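Next up: the structures, one after another.
Both of the next two complexes hold subunit A, though its partner changes from subunit B to subunit C.
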Partner chain A sequence: MNTIIALTVLGVAILFLGILKKNSWLLPTILAGIPIVLILTITGWDTNRHYFNDMLIVDNYAVTFNSVMIFSTFLIFMFAGKYYHLVQRSLDDIYAIVIFALVGCVLMTSYGNLIMLFLGIETLSIALYILAGSHKESITSNEATLKYFLLGSFLSGFLLFGIALIYGASGTFNLDGINSYVINHASHLPPIFKAGLFLMIIGLAFKIAIVPFHFWAPDVYEGTPTLVSAFMVTVVKTASIIALFRLFSTSFSAVKELWEPTLAILAVLTILVGNFTGLYQTNLKRMLAYSSISHSGYMMLAVIAFSHSSANTLLFYAFAYSVATILAFGVLILVREAKGNDLFTSFRGLAKRNPVEAFSLSVAMLSLTGIPPLAGFFAKYYLFFTVMDKGYLWLMIIAIVGSAVSAVYYFKPVISMYLEEGQEFDLKAGVAYRMSLLFLAILTVLTGVLPFFLINLI
Partner chain B sequence: MITRYLFYFLSILALYSAIMMLISRRQIHSVLYLTLAFFAIGGHYILLNAQFLAVVHIIVYAGAIMVLFLFTVMLLNLNTEQKSPKKMSAKIGAIVSGGMLMIVLIAILRTYDISMTHDPDLTQIGLIKNLGKVLYEDYLLPFEISSVLFLTAMVGAVLLGKKEQI
Partner chain C sequence: MNILIWLIPLFPLLGFLILGLGFKRIPKAIASFIGTGTIGISFIFSIILFINSTHQITSSPVHQLTSSPVHHLFTWFSIGNLTIPFSFLIDPLSILMLLIVTGVGFIIHVYSVGYMGHDEGFNRFFANMNLFVFFMLLLVMGANYPVMFIGWEGVGLCSYLLIGFWFRNHEFNAAAIKAFIMNRIGDLGFLLGMFLLFTTFKSLNFNEIFSLAKGMTPGNGTMVAITLLLFVGAIGKSAQIPLYTWLPDAMAGPTPVSALIHAATMVTAGVYMIARSHILYLLAPATMNVITAVSLFTALFAATIAIYQNDIKKILAYSTISQLGYMFLGLSMGAFTGAMFHLTTHAFFKALLFLAAGSLIHALNGEQDIRKMGGLKSKLTKTWWTFLIGTVAISGIPPFSGFFSKDEILLSVFRNSITLWTIATIGALLTAFYMFRLLFLTFYGKYRGQADRESSIHESPKVMIIPLITLAVLSALGGIINLPGLFGGSTMLEQYLAPVFAGAEQFIRPPNYSVQPLTEWLLIAVIVVYIGAMVLIAYSRWMKNKLVPDAKVIEKSFFTRLCVNKFYVDEAYDAVIVKPVLWFSRILDEIVDTGIIDRVVTGTGRVTVWTGNTVRYLQTGHVGFYLFVMIGAIIAILVYNLLIL
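Our next item is the complex of A and B:
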C-alpha cells in the first residue's frame, strides 16, 4: 500500500514539475524518488498485512518482487537522460506514465482479489499502449502501438470473461475464497469454472507473450521506443509472470492436474519457438524480443513446478534476467544512436574503441545464455533444479536443449564485436553512462558469484 | 410470463443486430446495428433488475461511444460499400476458431445448473443503493485506484494529441 501511494505521488509530482517547466529537475526527482519508494517497499518485509478486505496483500512475495521491479525501473531511468538527450520538449508525461505503469505492476504482484488483478493489468496496458506510440513521427512506433492496442484490448476481454465465469461458479473474486471453493469442489468442478480458468490462462499468456499468443511481441518490442521496450521486456514481463504465479499458487493449486498439462505444453512451445526463431534474427532488438519470449517460457517452469522454493527461484531468475536485459538495452541504445540501426553487422569492430560497452554487452549476453559464473547461470541452475526436484525430467531436458540453442544467437553480437573486422567508431557514451553500464555488469557478476544473498530470501 | 417473452424478443434482437453489424457492407449500417445491439443488451440488464447498469450502459455505449463512431465514419467519409479485404484462408481460420469457442461455451452452459442462481439476495444487487454500498464498502480500494488508470489515460491522450514531436 505504501508503495502504491508513494509511486502515485511521485508520478503526480513529475506531472506538476512539467507544468512548472522545471524540465531539468525531472530525472533527478525520479532518480531520488525511486530509491525512497524502494525503501518504503522494503519496510513492508515480514509485516504480511492485508488491506481493504484482502484486496491487497503485502506479504514477502509482494515485497521482494516489487523491489525487483522498482529497482529495474530505476536502472532503466539511469539510461533515460542519454536516450532522450536530443529531445527539446518536456518529458514529464512520458516519465509519469512509466511510473503509473509501475503502479499497475505493483498491483499485479500484490493483489488478493481478481478485480485488483484486472485493474492492475489495465493500468499497465493502457500506459504501455501510450508509451509504445510515444514516438509519434516514427512509423514503426505507430505500428507497434496499434498492434498492441488492438490485440491487447481484445485479449483483455478473454481475461475478463474468464474472471466472470470463475465468479459465476464460485461466487467470489477473492483468491482465498476461490481456493476454498476449489478444495470443496475439487472432484466435481463445474465446466463453467474450467472454462473460466482456461480463458484466464489465455488472457495472461497474451500479456506475458507465451507461444502461441506471442505473435504481437516481436513487432511491438521492435517498434516501441528502445527505452520503453526495455521496460516492457523486464518489468512488465516480471509483473505478468508473478501475477500468473500468485493466481495459480494461491487459488488453483488444489486442481493442479487440470491446468498443469496446458501450462507445461505452453512453456515447452515457448522455449522451443522462442529460441529457434531467435536464431534467424539479424538485429539485436528483435533478437532480444525473442530472447524475452523464451525466458518467459523458463519462468513458466517455476509456476508449473510449484513448491515452497519456486517463488525464490522465480525471484532470482527475474532479477538476473532483468539486470542482464537492461544492460543489453543500455548498449543497444548507444549503438542505435551512433549507427541508426542495430543489425549485428553494426556491432563489427565495436570492441576496439569502446571496451566498456563491448564488455558490458558480452556480460549481458553470457548471463542470458547461462554461462557460469554469471547471474544467469545460477538462475537457470536453481530453476532446473526445482523442476528436476518435482520430477519433471522431460521439461528440464527441453529447457536445456533450448538453452543450448540460445547460445548460438547470444554469441552473434559478441563475435561481431570482438572477432570481426569493421569500421572503427566511437559510441560517445559519456562517463556517467559508462559507469552505469559497468555497475550493471558488475552486479551481474556479483549476483553470480554470491547468489546466496538472494536464494534463501523468501 | 411477459418477462420470458421479453427475454426472447431482446435476445433475438441482440443476436440479429450483432450478426447484421458484422455482415453489413456499409460501415454506417454496421454502426447503427451495433447501437441496436447495445440497446437490446441494456434491456437485458433491466430484466435482471440492474437498472443502474442498464442506464450507464445506454448512456456510455449507445450514447457516447456510438456518437464517436458515427462522427469518425462521417468525418473520414467511410460510407462506401467495401468488399472485405481478408483472404479466404483468414476467413476460414477465424470461423473455425470462433466456432470452437462457441462449442466450448455451449458445452458449458448445457450442463450448467440454473437452479443455483436463484438467490433472493442477488436479485436486489443491481439497485443503485445496494450497488453504492458495495462499491464504497467492499470495493473501495479498486474504486479509488482506478483513478490512477484514468489519470494515465488522460495524460496519454494529451501526449498523443499534442503536435510536438519527440
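Our next item is the complex of A and C:
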C-alpha cells in the first residue's frame, strides 16, 4: 500500500514539475524518489497486511517481487538521461506514465481480488499503449502502439469474460474465496468455471507473450522506443508472470490436473518457438524480443512445477533475467545512437575501442544463455532443479534443448564484438553511463558467485 | 578478532583488484606502495593473531584453544545434503603458515620493487603477486577441503601466470603450460580424494572429518585410498617424483616469483595439506610408507641432479625439490612439527638464496650460467655475505637454522630405521656439496664472463639489499624458534603447534629405537664432520684445482652424462606420455571429431537453422493473421479442455 501511494505521489510530482517547466529536475527527482519507494516497500517485509477486505495483500511475495521491479525500473532510469539527451521537449509525461505503469505492476503482484488484478492489468496496459507510441514521429512506433492496442484490447475482453464466468460459478472475486470454492467442488466443477479458468489463462498468456499469443510482442518491442522496450520486457514481464503465479498458486492449486497440461504445452511451445525464431534475427533488439519470449516460457515452468521453492526460483530468475536484459538494452541504446541501427554487423570490432561496453554486453549475453558463474546460470539451474524435483523430466529436457539453441543467437553479438574486424568507432558513453553498465555487469557476476543471499529469501 | 581474520586475505585481493583494473594507468611509485602495502597490512594482522593465540595457549592449562578456531563467513553453497560453508580455520598451524606467507611474501614484494623496477609489466606483476598471496591465504586459512581447493587451484593459476610473465618468449610460455598441466594431474588426485572423503564422511569440513576419523580403525582401505589420492595432489603441487619436472622449468619466471611461489610458499602447500590432514595419514600406514619411499627417493635424486647443473636458478630449483622431499620424509615419520619447522626455515633460507641469486642475475644483466660467473665476491660483497649465510644454512651447518630443522627430521628417521637414516644423510651431504660448488663457482676464482661486461657489474640497490639482510638474519637465527632441549632450548614451535597435533599421538607408530642424548650428540657429530668433508671436497675441486664444468667434462662417464641430462626424465616423459597423447589426440581429431561428431553436430545445426527459418515466417506483421492464429489457439484450448476431457 505504501508502495502504491508513494509511487503515485512520485508520478504526480513529476507531472507538476513538468507544469513548472523544471525539466532538468525530472530525472534527479525520479532517481532520488525510486530508492525511497524501494525502502518503503522493503519496510513491508514480514508485516503481511491485508487492505480493503483482502483487495490488496502485502505479503513477502509481493514485497520481494515489487522490490525487484522497482529496482529494475531504477536501473532503466539510469539510462534515461543518455537515451533522451537529444530530445528537446519536456519528458514529464513519459516519465510519469512509466511510474504509473509501475503502479499497475505493483497492483498485479499484490492483488487479493480478481477485480484488482484486472485494474492492475488495465492501468499497466493503457500506460503501455501510450508509451509504445511515445515517439510520435516514428512510423514503427505508431505501428507498435496500434498493433498493441488492437490486440491488447481484444484479449483484455477474454480476461474480463473469464473473470466474470468464474464469478458466476463461485460467487466471489476473492482469491481465497475461489480457492475454498475449488476445494469444495473439486470433483464436479461446472463447465462455466472451467471455461472461465481457461479464458483467464488466455488473457494472461497474451500479456506475458506466451506462444501462440505472442505475435504482437516482437513487432511491438521492436517498434517501441528502446528504453520503453527495456521496461516492457523486464518489469512488465515480471509483473505478468507473478500475477499468473499468484492466481494459480492461491486459487487453482487444488485442481492442478485441470490446467497443468495446457500450461505445460504453452510453456514448451513458448520455449521452442521463442528460441528457434530468435536464431534468424539479424538485429539485437528483435533478438532480445524473442529472448524475452523464450524466458517467459522458462518462468512458466516455475508456475507449473508449483511448490514452495517456486517463488524463490521465480524471484531469482526474474532478477537475473531483468538485470542482464537491462544491461543488454543499455549497450543497445549506445549502439543505436552511434550507428543508427542495431544490426549485428554494427557490433563488429566494438571491443577494440569500447572494452567496458563490450564486456558488459558479453556478460549480459552469457548470463542470459546460462553460463556459469553468472547469475543466469544459477537462475536456470534452480529452475530446472525445481522442475525436475517435481517429476517433469520431459519439460526439463525441452528447456535444456531450448537453452542450448539460444546460445547460438546470444553468442552472435559477442562474436561480432570480439572476433570480427570492423570499422573502429567510439560509443562516447560517458563515465557515468559506463559505470552504470559496469555496475550491472558486476551485479550479474556477484549474483552468480553468491547466489545464496537471494535464493533463500522468501 | 573475527573481522581481523577476514581482513587478512581481503587486503591482497583489494591490491590485486586495484592494480589489475587500473593496470597501466597507476604510476609505478603508487603501484609498488599498494602492492607491498597490502601484504604488509596482512602481515601485521597475522602477527596480532599470532600474539593473541600464544596468549590463549599459555593461559589454558591443557593446551587447548579457548575460543572456537573456525570462523564462519557465509554458506558458500548448499545442494542436497552437501553444504559447503565459506569459513576459515585459525589455529596455530594456519597462523604459522600465515606468518610465513605474509611475512616472507612481504619481504619478497619489497625486493621486487627494485628487481622489477625497469620492467614494463610492473603493475601486472604486482597484481598477479597480490592475487597469489590472496589464494595462498585462502589455501592455508580454509576450514574445509573445498575452500582449501580454491586456494590450491588459485595459486596454480597465479603460478602459471607468473612463470609465463614474459609471455613474448615462447619457451617461457611452454614452461608455464607444463607447470599448469602437471599441477592439473595432481589436482585430479586431490579432487578424487575430496569426493571419496565426502562419500565416506558426508562432510568436507576439517573438524567433522577429523573427529569422525579418530574413531576409525587404522589401516582402513578407504583411508589408504583417500590419503593416497590427496598425496597425488601434494606430489603435483610440491614437485615430488614423478611430477617434479615442471619446477626446474618454472624458473623461467622472474626471480622473486621463484623465491615466493616456487620456494617459500606454494610448493610447500602439499606439506601443509598433509600436516593439516595428519590424522587421516596416521590412520593409513601404507600411505605413510609410500610417502617415505617417494620423498626419500626424490630428496636423493634431485640432489644428485643439482650437482651437475650449471644454471644458478635450476640448481636452486632442484635443491627445493630435494628439501621438499625432506619435509615429506618428516611427515611420513610422524614428525609433523619437524616438517613444519623445516618448512619454515626453508622458506627463510631458500627465499634468501633465490633473492641473492636474483641480485646476482640483476648485476650480470640476466646471466644465469654459473660457468660465466666467478670472482664476484669483491664486487657484490653484500650479496656474497647473504648468499654465504643461505648456503651455510641450507647445508645444515650449526648453529644456522637449516641444521636444527634438518636434524630434527633426520633424528625422527633414525628412530625408525638406521638404513633410511643413512640414505637421508647422504642426501643431506649432497646438499652441502652442490651448494658449496655453487658458492665457489660464482663468487670465487676469476670472472669468466665477457670481459667488457665486467666493468658494469654493480651491487643492487638498497630496496633489494635490505630484504636480503632481513632474510639472512632469519636464516641464521631461525633455528631458535624450535631449539631442541639438547641445546638448552625449549622447543617453542613444538609447544605452539601442540594443540593442533594433540590427540594424534596414539596413532603414531612407536619408534624402533629410543635415542639417548649421547647418541644424539654422536649423530650430530657424524653429520657435521661429513658435511665439513663435503665442503672440503667442493673446495678442492672448484677452488684449488679451479675446475670449471664445460662440455669436455660432460663426456666423462655414463653416470655423469645421466646426471647432466637430468636422467633423461623429460625426454622419457616426452616419448612415453606426450607423444602418444598427441598422436591419440590427432587420431581423435581426424577420425572421431571431423568424421563423426562434426557431421552429427553440423547436421543438428542445419536442422535447427532450418526450423528457425521456417518458424520465423509466421511473424508476418499482419494483425489479421495474428488474430486468426490466436482465435484458432483459443478454440483449440477451449475445445480440448472443455469438450474432449
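Simple rule for what comes next: the second predicted complex is superposed on the first by the 458 of 458 C-alpha atoms of A that agree within 3 Å, B and C clash if a C-alpha of one lies under 4 Å from a C-alpha of the other, contacts with A are read in each partner's own complex, and residues count from 1 in each chain.
In this section, a contact is a pair of C-beta atoms (placed from the backbone, for glycine too) under 8 Å apart; a residue touches a chain by one contact, two chains touch by 3 or more.
Model, not experiment: these values are computed from the prediction.
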| item | value |
| --- | --- |
| Partners on subunit A (subunit B, subunit C) - clash or fit | fit |
| First, second, both or neither for A:87, with subunit B first and subunit C second | first |
| First (subunit B), second (subunit C), both or neither touched by A:154 | second |
| Geometry of the superposed three-chain model: angle at subunit A (Cα centres of subunit B and subunit C, steps of 10 degrees) | 170 |
| Partner chain(s) touched by A:262 [first = subunit B, second = subunit C, both, neither] | second |
| Subunit B versus subunit C as contact partner of A:191, first or second or both or neither | both |
| Contacts of A:218 with subunit B and subunit C, given as first, second, both or neither | second |
| Partner chain in contact with A:122 - subunit B first, subunit C second, else both or neither | first |
| Partner chain(s) touched by A:132 [first = subunit B, second = subunit C, both, neither] | neither |
| Of subunit B and subunit C, the chain that contacts the larger number of subunit A residues | B |
| Shortest span in Å between Cα atoms of subunit B and of subunit C, once chain A is used as the common reference | 5 |
| Subunit A residues contacted in one complex by subunit B, in the other by subunit C | 191, 194-195 |
| Footprint of subunit C on subunit A - complex, ascending | 147, 150-151, 154-155, 158, 191, 194-195, 198-199, 201-202, 206, 212-213, 215-216, 218-219, 258, 262, 273, 276-280, 405, 408, 450-453 |
| Subunit B - residues contacting subunit A, complex | 104-105, 107-109, 111-113, 138-142, 145-146, 148-149, 151-153, 155-156, 158-160, 164-166 |
| Touching residues on subunit A, where the partner in the complex is subunit B | 4, 8, 11-12, 15, 51-53, 55-56, 84, 87, 89, 93-94, 96-97, 100-101, 103-104, 107, 113, 115-116, 119, 122-123, 126-127, 129-130, 133-137, 165, 190-192, 194-195 |
| Subunit A-touching residues of subunit C, taken from the complex the two chains share | 74-78, 605, 608-609, 611-613, 615-616, 618-619, 621, 623, 625-627, 629-630, 632-634, 637-638, 640-642 |
